[in-house]
């Protein structure tokens, strides 16, 4: 299995609901350094997992939808704790949609699975990984 | 699959037996920077893999049992080479026991597998990963 | 010159005022991974720049005053842009006060200068460094 | 599953063919920081995944065959784009051959799979992983 | 003294002349992860050392003049060994010119000194630092 | 000012004397990832601060004198706490001697100062820096 990873980052504010979160129930924020891994069993005709330029652009666009925002006020996150692992899944789903839409190139349809990791500090990170839904691999 | 990782460290002395170890047969030591990864297929009701505070505390306790010690004289390690990969398994087993005992919270019983990585320098690391034994998932 | 550095981190929300900040004028947030460097020309009687345990505790307390907060609403920051470099100075001043108050131990009065660095992402950081004011070195 | 990883690096020149590569069609170069991970389900009699000294030596030899070279002129790469992911596979295959030849020691025949990761910058990496071919596990 | 640092990277081919370089006399290449540090004694009216967006853009332009190129064939480097430390100076000089030209904003004229560091691998880096020439500080 | 840095590492056992050290009074150990920085105002005739190969070899030899040892039993350290900052000075002095002896090449006599940093974990490091004694610069 081949993997390629591109890295970018995201700076947001949010708060959590639930006693388990302690002081993180207050409005605070985080930098997430985000790794997007794309995996496939065979390389494409150019010798690539994916066009790394297109992958980086897609990651930048997905993060741009969240960047410099207070997630407590973002549509679609009502009633959710926007934890590191939850956000990893959000980025995963949005990248998967862009792959299915052809934004990472036709060859990217050969991508079998993704992993999205959000590093929240030098001592903690969270990730979500999974196979791409059939819609992404016609 | 979701993963959350917490990081801590450990400073020990030890020596190895066997010609394969060369100069590491002498009493020496290491800092291990330890990553504990916890994995589960679905998030809990709070949107978490695990209460990261409890996970960090449990990791700190497990490492505290070994920290600032000469492992050549520790009970339970007689006749063993306390290599990086061996110690990764020790930390894995002890964390698994604490999860089974409920120390990481009731929700942590949904954790499916763990990975423990010990970084011994900027050029080498070892890890142990596996599914949690049934006792940890009632 | 000898230096010792301890690392901790901080997660806050804030916003900036001024067109130069572009989208960062919106409420957002950051993780700052904070390095506190302490410098002196000679080691103390124990062979130390400072008791690293006390230094880490002092850094934790200073960061604890800011952690998990919206800096736009913190007393003392009215009318200020709490930029990375501004916050580095805030941490510097507060550590200097604790050194002067003896919280890092009597031997820490031999510390000549400090540097505080806040890493805001994998691609940017800011710092403040300076000699300690005379009050810290009786 | 146990894993051990050793790290080394490689500095090469090359160019790519295909419009997808944009300015990377020009002759340029890269430093690859290379991680070799070796995996097995049980430790050997010494408590090891592999003799880390032999693993490091083998990795150094494999990288030495490529180091300080223009890959556009290397035998065996004619007509290939020597992308990060392609080179990860090259290193994987050559390490697998050395394991099969016994260069990493007899005990290394218990190694079940490898992963080779090439970090090409602070924001991108590629890897290849797979089970070892039967010839490596008599 | 305040410092702000922005990071980017560069991928080039080159060769060296002189027996001291050993196999690096062959055409090879490198990724340089480049840190640009900008220093000043007082913050500007916005609470900044420099507009980090403009600093990043300027660094990207300077690196873009060298990126994806064979430095052996670049004008201006004839007869030079384009070592890591030499290239750090080249980047330093070109950033200094852009500051003097006002590309980093009027407030950037308060910048007193720069440091440029090129990381060539996980085990080696080189840098050049110095005060800005008077032309940069009218 | 130009700087070049090379990195290596060291694994030792030791213990400390003095209540300030708490549990570190027990025999334990550490990995030190060691950075050796060499500085000079002008490059040599090859465009170098120093022959990086010779610098790395010298660092390896100095660390080899300490590596895989119990520092409590090493000659020359009787009555000393072999703290991170103390060891940084030891490495500094021994590198300075090798420069003076010509081991880093004749051109290395132009080196004006050194900094030696020992990273003891992901959250702490210590260093010693200073001008080279006149004997190193004939």
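By written order: A, B, C, D, E and F. Residues from 1 in each chain.
Operating definition for what follows: a contact is a pair of C-beta atoms (placed from the backbone, for glycine too) under 8 Å apart; a residue touches a chain by one contact, two chains touch by 3 or more.
Predicted, not measured: the structure shown is a model, and the values here were computed from it.
Steps from chain D to chain F, taking the shortest chain of touch contacts, total 2.
With every chain reduced to the mean of its CA atoms, the largest distance from chain C is reached by D. Listed options D-E, E-F or B-F contain a single repeat of the A-B interface, assigned here to E-F, on the basis that more than half of the contact pairs agree by residue number.
Note: centroid distance chain C to chain F, computed from Cα atoms, is 27 Å. Mean C-alpha positions place chain B and chain E at a centre distance of 42 Å. One simple way to say how far apart two chains are is to compare their mean CA positions; for chain B and chain C this gives 32 Å. Multi-chain contact residues of chain F (touching two or more other chains): 7, 122-123.
Across the interface of their complex, chain D is touched by residues 16, 18, 20-22, 80-86, 88-89, 117, 122-130 of chain B.
Partner chain B is touched in their complex by these residues of chain D: 1-8, 43, 46-49, 51-53, 56, 105. The touching residues of chain B, counted against chain F in their complex, run 7, 9, 11-14, 23-24, 26-33, 67-70, 120-123.
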